[in-house]
């Protein structure tokens, strides 16, 4: 967290331009019959969770290039996350990854309160081996051929739920790397049966008000087959488990060219959309900053979400999940949270009555033009004003840079060696 | 059909080499503990349906280059299909496409009997407009926004069933091009609701011993979204319809890099694999000859099918579905039927007991080597001997060419103009 | 063309809002140090060619669904193209396709003058067979194994140049479908040698002030290999031919996930970027409306073009190339021309001095934010004002619909049968 | 290395079956007019280099799961590589990676002699930061904006050449991860200019009898753009450098659906094919075992190589480059070397005279059938006999397992911790 004076000062210099832009946009939207204040309020109430691991510098199998002030533990991470929310007012919660962030619940709660954050979904980890771990996950976890390994993975997930209950989380996200690298290495059917059996045990340990979020991914770390490879298999899992089980959509986990917004619509239609991991990608699971590669695709996803907002009980969880390899992670998370809000605001501007009419008439050109009109609108003044009115920063990155936060933690947190992993 | 003397003559010249190859392979398989005769019998009993439209030269939106002797109607097509089966003994049935092949049932039955064929699944067509058709499918068929258009599509499908009943078919395959070319053109959810409602009406008209095969496709002719875009949506359809509804997998209808054999395994596991359209592809729905681009992928699909053979009630339908743009369609269909049999034979050779053991032990290298050993075996002598023993041709293409069939029908059937469609 | 009164009337109703939006944007840009009038002038001077074939309804190999008033010949097409330019002031030239548009030069020139258009690049067609054509292109044209077929293709290209000279064109675009559908069907090297030999003959017939534009495409109509499959081969062609030969980039002709803007940059760097075919795509060569699927990608291409504008002799040709299957082609072309202008205007807004600084400092976050600031700006008022000041329409689609043009030509031009091609 | 008695013993048990299979294949090939002994001799003379890093267990950014007996340094690695060649007789050389393998030349030469190996191409590493390294490669190496960083990378490459000269290598392979993760992060053109300038300095340091191999890759570790992203850019590099510069093709470094064998043909045609990194992949740069996913694609590459064998001065380098995440690396490398030989042997069996005839006649079906006949032939007996006659193992994996080598080095080399990298 930084002193509120710094925010006030940098806001001061940007205030006049913002007000002028906001007023002009308000007048423009008024000409389109839209009340800018109502949009601003909905944006202000929108939040996206940040992943605890996102505030550390990410890397690839080839190398990781850490920056100064890398967080040493979950408490450093919560400091960074608190700052992100302080400046953006858009990230009220943090998603923990166990065992990386495993600490006594009381300590976690106390720190969260200090930095003004809640805890979002818990994330288990059965894709790595930890020191002292009895059974290796080299050949799988929840779907391993060895029953003891599966049990170990089940127990770990249940432990995640227990810690989550103690810190106020309401969901467990399961992502496994289980799969195979060679045709024939596994029997697809037996492997999936084992997965379903084990996942059911985790599901049965879930409190009534919790959600089990299952996450699919086309490939990586497994390179021939992956147990939960796409939304079809993910849907089967959610169906087999029960009402508390839903599907999580990571925007980077699909085959090339996939129409992701359509998958989102299908999952909504059948009551199985549980949440998102937002990021962007050009090739594989690149985990780039949200909206950095294809902002229109992000908008089209939010178009589906706004379309469904009126449904009862529709409340999917929203989280960023990115790897920040060449930027300051705090900056990338701030900008990304803003991009998510931007897509939401743009989707709110779509004239849905007109859109529906064009759709009924098969007027493809005007239908798509109606969508584009929402996307095309520069809603930056709305986002900035929403931040300002909640004591956030008009320009979070500029304020962050002015604050000297990174340099300060750089002196407090020991430098991390620059040696790469040599995993090629 | 051609005179059996021609077959006998060309077989005569190839007989000695085949016998030598067959004996050598038999000895080799015997050293691996496999009885070649048993494999040959299973191959001999295997058949794949040919599509009636496959015997005409195909094309692209840019052009079609017909060859000599293009079939003029379903009766010409049945002649060609009869010849394919006569030479390969691998294609005992034909799949009709309505309205292209709509003719009185008695005439169809009579012709089929004449050429020694049965009728496989019926295919409806609601992706084109026919002359005199009341409502256009330009903006969809079963999912059209206009109720009358949907009803027209439903009625057409029911008419296909009725004709099918009269000619001994037991399945209806539904593939629609419904989708959209622009973001916003359609409401994904409403469109799919309309599809499900309409499809349910078709389903309800299905005789008890029939199967409804729903076919998914990623894209084309719709280029932004497609109603039945992948196996996830296809599965939902089959679930919503009922037990008689199953999914059809066309090998060319998936996203780049998709693990198709895994989708096949999932559909088998949940009792929803209804059948196949075999072909091969390198880019999109290229409809190339089966096994011509990635024969190992075809083998891996058959590996799943052989794995599942012991299941009760497991009997998916097998059909070729290809576009023959640069070859004589009869030759391509003969070779492709052989390639399907080849993959089946290779999959039968896999030592499944050993494979299962390696899988249980996570011995990835030996598991994949075990698969490969099946694939690597040159089973051509088995296929050829199976043909020979059923009075087919050892070398169907050579015999076909020797027969002069194409030249003969070229004189009987008027030449088709070479002008392209100019659809660019 | 429509009466200018109609334009004036529809502009009248939109004028006040436009002026307010334009003034507000001008004030905003002024705060960013940008002169809106200068941007507007550059947009006004920007033009993109329309393809003559684009005003007819397109289709797929499955079907074509024509609309009312389909143009019957090049003169009808020029009427439609003239209207597009009248309303958008953005499409001053038309690109002809021979033999579809082959007519006496005098007639073409006279009609062009009447509708206020020039002629852009000539397009030859050796991917279809025409009636009376001696040698078929079924197995290739410029690269065919048969010398006479290659000569026929060469002669056709030279005839295109000759007609082009007579109507004031300055470029020939060569796109061939030559390739193969099966591994082994062609010898890659011999085929490319034949292509180079034949193309060289065409190149040698080029007037000194002409450009030969070679167009690459990954696949379709050939589905295993294509002679000019990517920019690497295209570059080799341009290098082998000489200075007058350059590469044409169609946005839909690349492999999935390809970074197209980088290819554009490479071709610029080595003096070989000749021009564009603009469109958009989600899967293959979908030929969707420009900017309809990924508008940011279009912007990134224009970012490279604006970056290179200061280079001497940098003047690539710009053309739309789309297939309008579900919209009124006139509407799609008007909107698409506007989208191209939009991307250009947004790219002009990028603060290139700041961008360069961030790039030098490896400040990835601020560099990409600087680009995004250009993209995010809603430049619609600039585009509309540029049209208005040139007597075009503020809202071309609304004006077009108000004019009743389509209904009028619908009565003049005979209806086209709705039957599909049956090429599956 | 293992005792020759072990090889002799395991060969003894497999000898009879091999002889029978070999004789049968010989008789079969004789019927096709092919001399099996000639094929065997060519296979026996074929070798593929192994990468020093390949004998360690690989991993992903998510985790690495080491096995027992991981090599500690280049000397352990050479022991493992020596064994691979001892058993397969197919891998006579090793490719070093600097600085991982940097040791005094005398020690390297001495060890290589001990294990019976030569040194293949040198590999530089400027994609990771090493301890004590002055300038970080976080934002690039040969193309970095900072001149000192570029110089450091140049100097490192020259050092690699110098060590290479001392150990008898004749080539330097350059692969850099330079690129960007965000649109705008780098200026494509300036970045490539810097790359070319720096690479030219390395080129100038090359001995006359050396080759500079430039390696392209679509993406990873950079996820928006990569400096040497495809063969087009790679070709430009080789052209700009000079005659000693050629392109290296890694089978896993291309866009989805790319026709790699065609790129190979193009590079051969223009004298710029320098060598290969063999592996296989289903999604991205999966670095799976060669031939494990699409063996026909591997065959098609070798079809081009055999086609070009008669050219003067055609001698591309062949190396495996794989990541062994779930298998014993020694086993994977042995099997992969065999797969490369298999593809070579199959390509040698193709009847090229017949193929050429079918190509000239546009007989696509028979042309592809002719290729397939080569691929379909089970050449395992040829490979095994070639190994046997050179005192290698008939079944390298079985012999290796029987030898107890892994268990033995497991006791000599300390266990590596199983903790993953936590790079997500």
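Each chain carries a letter (A, B, C and D) given by its place in the written order, and its residues are counted from 1.
Criterion: a contact is a pair of C-beta atoms (placed from the backbone, for glycine too) under 8 Å apart; a residue touches a chain by one contact, two chains touch by 3 or more.
From a predicted model like this one, the values you see are computed outputs, not experimental measurements.
Among the pairs B-D and A-B, the greater number of C-beta contacts is found at A-B. Chain centre most remote from that of chain D: C (centre = mean of CA atoms).
Averaging C-alpha coordinates per chain places the centre of chain B 39 Å away from that of chain D. Distance from the chain A centre to the chain B centre is 42 Å, each centre being the mean of its Cα atoms. Shown for chain B are the residues in touch with two or more other chains, namely 138-139, 180-183, 185, 218-219, 224, 256-257, 259, 282-283, 289, 292-293, 296, 326-327, 362, 364-365, 368, 372. By the touch rule above, chain B contacts chain C in their complex via residues 53, 58-65, 100, 127-131, 133, 136-139, 177, 180-183, 185, 218-221, 223-224, 256, 281-284, 286-289, 292-293, 323, 325-327, 417-424.
Contact residues on chain B toward chain A in their complex (touch as defined above): 138-139, 145, 180-190, 192-193, 218-219, 224-225, 229-233, 235-236, 254-259, 261-263, 265-266, 268-270, 296, 300, 303-304, 307, 355-356, 358-362, 364-365, 367-368, 370-372. Across the complex, chain D is touched by residues 17, 20-21, 24-25, 27-28, 31, 256-257, 259, 282-283, 289, 292-297, 326-328, 331-332, 335, 362, 364-366, 368-369, 372, 375-378, 380, 397 of chain B.
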